[in-house]
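For reference, chains read A, B, C and D in written order, and residue numbers begin at 1 within each chain.
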Amino acid sequence: MAMKPHRKKKLISIIIGVTGVSIVVALVLFASEQSVNLFQTPTQIANGEVKVDQVIRIGGLVKESSVQHIERKDSQLETRFVVTDKKNDIQVTYNKVLPDLFREGQGVVALGKINAQGVFVASEVLAKHDEEYKAPEVLDALEQAGHPVKREK
Amino acid sequence: MWNWFFQLASPKWFYTIARKVTPWLSVLMYSLMLAGLVLGLIFSPADYQQGNTVRIMYIHIPAAYMSMMIYVIMAVAGAIGLVWRMKMAHIVSVSCASIGAMFTALALLTGAIWGKPTWGTYWVWDARLTSELILLFLYLGFMALHSAYDDKKAADKASAVLALVGVVNIPIIHFSVEWWNTLHQGATLSKLEKPSMDTSMLWPLLIMIVAFKLYFVVTLFHKIRGEILLREKQASWVKKLVADSKQ
Amino acid sequence: MKNFNRIVTRELSVVFRSQSEFVYPLAFFIMVTSMFPLAVTPEPAQLAFIAPGVIWVAALLSLLLSLNAFYQSDFQDGSLEQMLLAGVSGSLIILAKAFANWIVTGLPLVLIAPIIGVLLNLELQANMIAMLALLIGTPSLCLIGAIGINLTVGLRNGGVLLTLLVLPLFIPILIFGASAVEAASIGKNYSGQLAILAAILILSLMLAPFAAAAAMKISID
Amino acid sequence: MGYFDSFNDFIHMGGHGFYVWLCYAIVFIGMVSQFVLAKLSAKKNIKLLSQYYRRAAARKKSQANNDS
């Protein structure tokens, strides 16, 4: 059956559009299945996925009662704490000022390298509690503007 | 329905309605703004972790929310202007830009100031911060493009195209920066229960969000009226209006 | 399709006659990337760390640089207007011109990138991924750039404005492109980033020609 | 009054007064200036237009005089 040229053109553009969108959806789904987080968990480090002296980000929770403030021999203050993902731990040292929201039991992301002793030497520590950032969407915003839940110990 | 739509498209009709409505909206805005400020600054408690810096939220969240909403309005109005060649839609779109850019800048500044006491740094290349910064660039690009054209009609169309391209890009930007640098993973681990919000903090925030929206509408109406007058200077009703206002 | 081929061959023949359009962006790319070892540090490990970002930023800027030369003359001598009057669809013109632009500017960047990668001490694996990411990413840059240049081509100081309009739109490609190379250089999975780059390419293929054609018509009027 | 015990406390904001008040000041300045500019634009444009009409009328008149 012969088709009128403008119908054919319309049909072709619809087909192209539908295939295009489905390929895009498929690619995005594929991508979201790959683990592309730019930070490693302590478990990944324990499994030896990270080389010594390679600059990485680690993410996890600050382990309860693991934070120590120590004065080093060169009289610099150093903070030591353990980052955990509840399966594995990693020791972290940091010698700069910690943010206010850095607390035991809270989420933390640190940038740095693992040294030969297996200790993570951080050059930047960002501590954030769960509602740290305010989404523009109202509902998120409401959740986020500081929720006075009971202070955890 | 369509009748109403075309009436809305008439600058004269819009001008008269905006002039009638604005005073009422302004009164509502002022009272809500005042109520929100009093509740937020004086009567709401400090947060258990952030202390009094939580009060920054009552202006920061509404500003950030408006910055996104205004961009969408700007792009939708631009699209309507392109498709139906409606004068009024372009006027709305163009009048949105500077208000949206201001809210974006305010959201960035207040966020940065909030970040200093809470994280110990003014700026982090975090997903939300970065996408908000790019949103500011998009607004500035829109305004720069619009002012670069001498011909108003071409300027309207060109900047509408840009706004639409930007609106397609915004989810992609948001997605990409989240992927590139976000700290949410650490946070989800600690999210044992869903955070709830105390009503003493919820109220000032809600009131401020509504007040900011009203502020946007009132300011937009003022801007639109100014813009309509300039663009419709050959229309007889504008001539009459100007002549009347002199007496 | 016939029209597409005709425009592409026309573009290419023009470019190969005046080779500067072809050489300048490439020279720019090489020079900018070779500034970094001098400006930041010649230390190999540090260089490898910044290499993905450096390569991508330089590629972005040199493509941006090529846009003006590629579209301006056609607007000025009225050949675009003629093509439109002859009934060639605007989005087809854009598609063909963006393709020619990519052949002339994007492809040489893709081919020279491994050499730059070696100079910046990228490992072989990361280097190949950089090339692959550029291969998928640069066509989107040409397509998105076409929107920007068509919006600004008739304006007095369009060059600066073009940068302001286009760079924010380039950012997702920059982020995923650089992050694919970075992931490859530390031995992690990079297929996710490449998939997103491909998705962006398909989206820009479907949408950018229409936006750029609309912009072209505005600029011509 | 309210959450704070004294006016000093209110200004001090538990040590974070600088940040809180700076934010409120910036937002106040930004929003008020935007609002005032928008409000003035309608008035300013009416003035502009009345000048424009006067000049246009004058031009028309002088043209008519020249023609005759």
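The working rule: a contact is a pair of C-beta atoms (placed from the backbone, for glycine too) under 8 Å apart; a residue touches a chain by one contact, two chains touch by 3 or more.
Here the structure is a predicted model, which means the values were calculated and not measured.
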**Item:** Chain pair that, of all pairs, has the most C-beta pairs in contact
**Value:** A-B
**Gap in Å, rounded to a whole number, between the CA centres of chain C and chain B** = 33
**Item:** Whole-Å separation of chain centres (CA-atom averages), chain A against chain B
**Value:** 30
**Fill in**
Distance in whole angstrom between the CA centres of chain B and chain D is 17
**Message:** Please output the residue numbers of chain B that touch at least 2 other chains, ranges allowed.
**Reply:** 45, 60, 117, 179-180
**Request:** Scan chain C for residues touching two or more other chains and write them down.
**Result:** 179, 196, 203
**In chain A, residues with contacts to at least two other chains** = 36, 38
**Complete:** Every touching pair of chains is listed here as A-B, A-C, B-C, B-D
**Fill in**
Listed in rising order, chain D residues that touch chain B in their complex are 1-4, 10, 13-17, 19-20, 22-24, 26-27, 30-31, 34-35, 38-39, 41-42, 44-46, 48-50, 52-53
**Prompt:** Within the complex, which stretch of chain B touches chain C?
**Reply:** 82, 134, 137-138, 140-141, 144-145, 148-149, 154, 157-158, 161-162, 164-166, 168-169, 172-173, 175-177, 179-180
**Item:** chain A-facing residues of chain C, complex
**Value:** 49, 179, 183, 186-187, 189, 191-193, 195-196, 198-199, 202-203, 205-206
**Complete:** Listed in rising order, the residues of chain C that touch chain B in the complex are 144, 147, 151-152, 155-158, 161, 164-165, 167-169, 171-172, 175-176, 179, 196, 200, 203, 207, 211, 214-215, 218-219, 221
**Asked** In their complex, what parts of chain B are in touch with chain D?
**Response** 41-46, 51-53, 55-56, 59-60, 63, 98-99, 102, 105-106, 109-110, 113-114, 116-117, 215, 218-220, 222-223, 225-227, 229-230, 233, 238-239, 241-243, 245-246
